[in-house]
Amino acid sequence: MARRASRAKGKPASRRIRILVTGGTFDKEYNEIRGELFFKQSHVAEMLALGRSKLEVTIQTLMMIDSLEMTDADRTRIVEACRRAREERIIITHGTDTMEITARTLAAALQGKTVILTGAMVPYKFGSSDGLFNLGSALAFVQTLPPGVYIAMNGRCFPANRVRKNRDAGIFEGDAHA
Amino acid sequence: MARRASRAKGKPASRRIRILVTGGTFDKEYNEIRGELFFKQSHVAEMLALGRSKLEVTIQTLMMIDSLEMTDADRTRIVEACRRAREERIIITHGTDTMEITARTLAAALQGKTVILTGAMVPYKFGSSDGLFNLGSALAFVQTLPPGVYIAMNGRCFPANRVRKNRDAGIFEGDAHA
Amino acid sequence: MARRASRAKGKPASRRIRILVTGGTFDKEYNEIRGELFFKQSHVAEMLALGRSKLEVTIQTLMMIDSLEMTDADRTRIVEACRRAREERIIITHGTDTMEITARTLAAALQGKTVILTGAMVPYKFGSSDGLFNLGSALAFVQTLPPGVYIAMNGRCFPANRVRKNRDAGIFEGDAHA
Amino acid sequence: MARRASRAKGKPASRRIRILVTGGTFDKEYNEIRGELFFKQSHVAEMLALGRSKLEVTIQTLMMIDSLEMTDADRTRIVEACRRAREERIIITHGTDTMEITARTLAAALQGKTVILTGAMVPYKFGSSDGLFNLGSALAFVQTLPPGVYIAMNGRCFPANRVRKNRDAGIFEGDAHA
């Protein structure tokens, strides 16, 4: 009964989307005093505003790290956050270097939710970022694909166990979803 | 046999995407001599490059007009272009003012193809455009939704007969796809 | 005595710069609901921040209009604002279409101050504006040129009575200052 | 006679400006494959085009390095390039970390020319660069200041022997020119 009442107030849980922020190139900024790239805070809310998004989205920052520094403990935290989320539709922003490892970890540990990992090759704050394009596609894929774990990059979407990053070309390859 | 051979060389026809360009705010530019907005050429190819898209896409410019000036004859040309397209997955870039009219015209005239209309509230060439976000989401929706005609704006996707533009707020409303 | 006391508090009056805002392409924005260019508020403060300017500047908005609509009464207000300013160094942001008329009006009415009119061919908020470049050059010219009225555009600076806008090319021509 | 003939063809030598490129943050780019900042080629020509500059400028790339790596030999090359230049007005784009050292080296070795060193705190290719503002001001200062060596940053211009970079604040301080 409580649940039905709760649903009556808003949209059903299945429509809501949770975005888990873990850092990655997506959110890197330029420190003009030190001349280095660093993390301050996530730009996901700003990007949703730029895209005039009207989706019901909850943003949760789990960590702000380069994915080369992501540990097993960090991945466990990501799995737990996906499990605990009320939402059945989850996007994870993530560095591209180890995105496929996190995707496989999630695929092995999680069931019944649609999880899309996405990121960017160029920081959102720099002029020529692919971040807004990727976020737009990830939000569409997360609304339409059946439960499973996927990587959305380069306009395509790959199941977690059929994708790898081509490090020389900077693109993701594998069997796209369809 | 010929067809099978052809398919063996590349991806099946169902994977390819056609983008039909009709103009709209998406592609407007600023004429610095006259101080007016105008159309020159489409920015869709540039946007796909910025998004590092690796999808197989054919871009076809049908017209470059403000959608307030779109006539019945123009809409007939769009329907014909969708029919003639080898692709089963089609994106149409379109001004937002009459996007819902074109969507309904297409829905009544077309079957067996997934068609997504999208556009922008701010020109791509201006700093704060939603165009790249919308293009990213449209490309994802067109790969995943069943045949039908849809409008993808604001991160959401609406069937042609259940959507209208809220002109005061500048957003699209209706029953989202799911 | 009063003057010396006043100077003791800050920098001498001759170092301070006043920026008078009148509108022009510089400050135009895109209304995404109506699809039109319009004025909201000046971007000069934002531009000074972007340029990491450390100059002592006072910004005063006189009007926000297209310079084609500027009347004799408006120009009288500009002359009066220049006269009343405590500063001997003044920049006026102005639409380019009638910039030379305002410059000549000021040259005939004002003495003992260095006044630089500047503007932009493309709004600052659009991606490809010359506004930041022009503001940077205007601030340098206003610090270094002797009293007089000048137009600073295209990296050059022209005395008020030796300049005209080439409307076909969208550039200012005449005898540069040196 | 030869000189007079040469002058008859174009503008006098004193009007022409030479821009010597040495690298610095100004020209750094983001390598999206390696996730690092690097140098490719100078953006000065692109910046002059964006500023709609109509000045007669010759761009000469001397080196493309971080100014922390600049050696005495590099500084000797810069002095020589200034001496050999036909132009009496020279801008040097330079990393900000050792800009004041190069400025003093030039001031001790060079006479009769107006030399302005400028740079940026944020790369031009990133969204929030001060580069275009600084280039605009440097071009104005170089046209108006008497012979000498100066640093133009933050809208201000300092003689070589009266300036230092405040590394904590990322700004230049000293006695401005006037």
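First chain written, first letter: the chains are A, B, C and D, and each begins at residue 1.
Criterion: a contact is a pair of C-beta atoms (placed from the backbone, for glycine too) under 8 Å apart; a residue touches a chain by one contact, two chains touch by 3 or more.
Being a predicted model, the structure only gives us computed values, none of them experimental.
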Checklist outcome for this item: Greatest Cα-centre separation from chain A belongs to chain C
Next on the checklist: On a C-alpha centroid basis, what's the spacing between chain A and chain B, in Å?
Outcome noted: 25
Checklist outcome for this item: chain B to chain C, mean C-alpha position gap in Å, rounds to 42
Checklist outcome for this item: Multi-partner residues in chain D (2 or more other chains touched) are 121, 128, 170
Item to check | Touch relationships between chains, expressed as pairs | outcome: A-B, A-D, B-C, C-D
Checklist outcome for this item: Residue set of chain C touching chain B in the complex reads 25, 30, 32-33, 35, 37, 97, 121-123, 125-128, 167-170
Checklist outcome for this item: In their shared complex, chain D is touched by residues of chain C numbered 14-15, 47-48, 50-55, 121, 128-130, 132-141, 143-145, 152-157, 170-171, 176-178
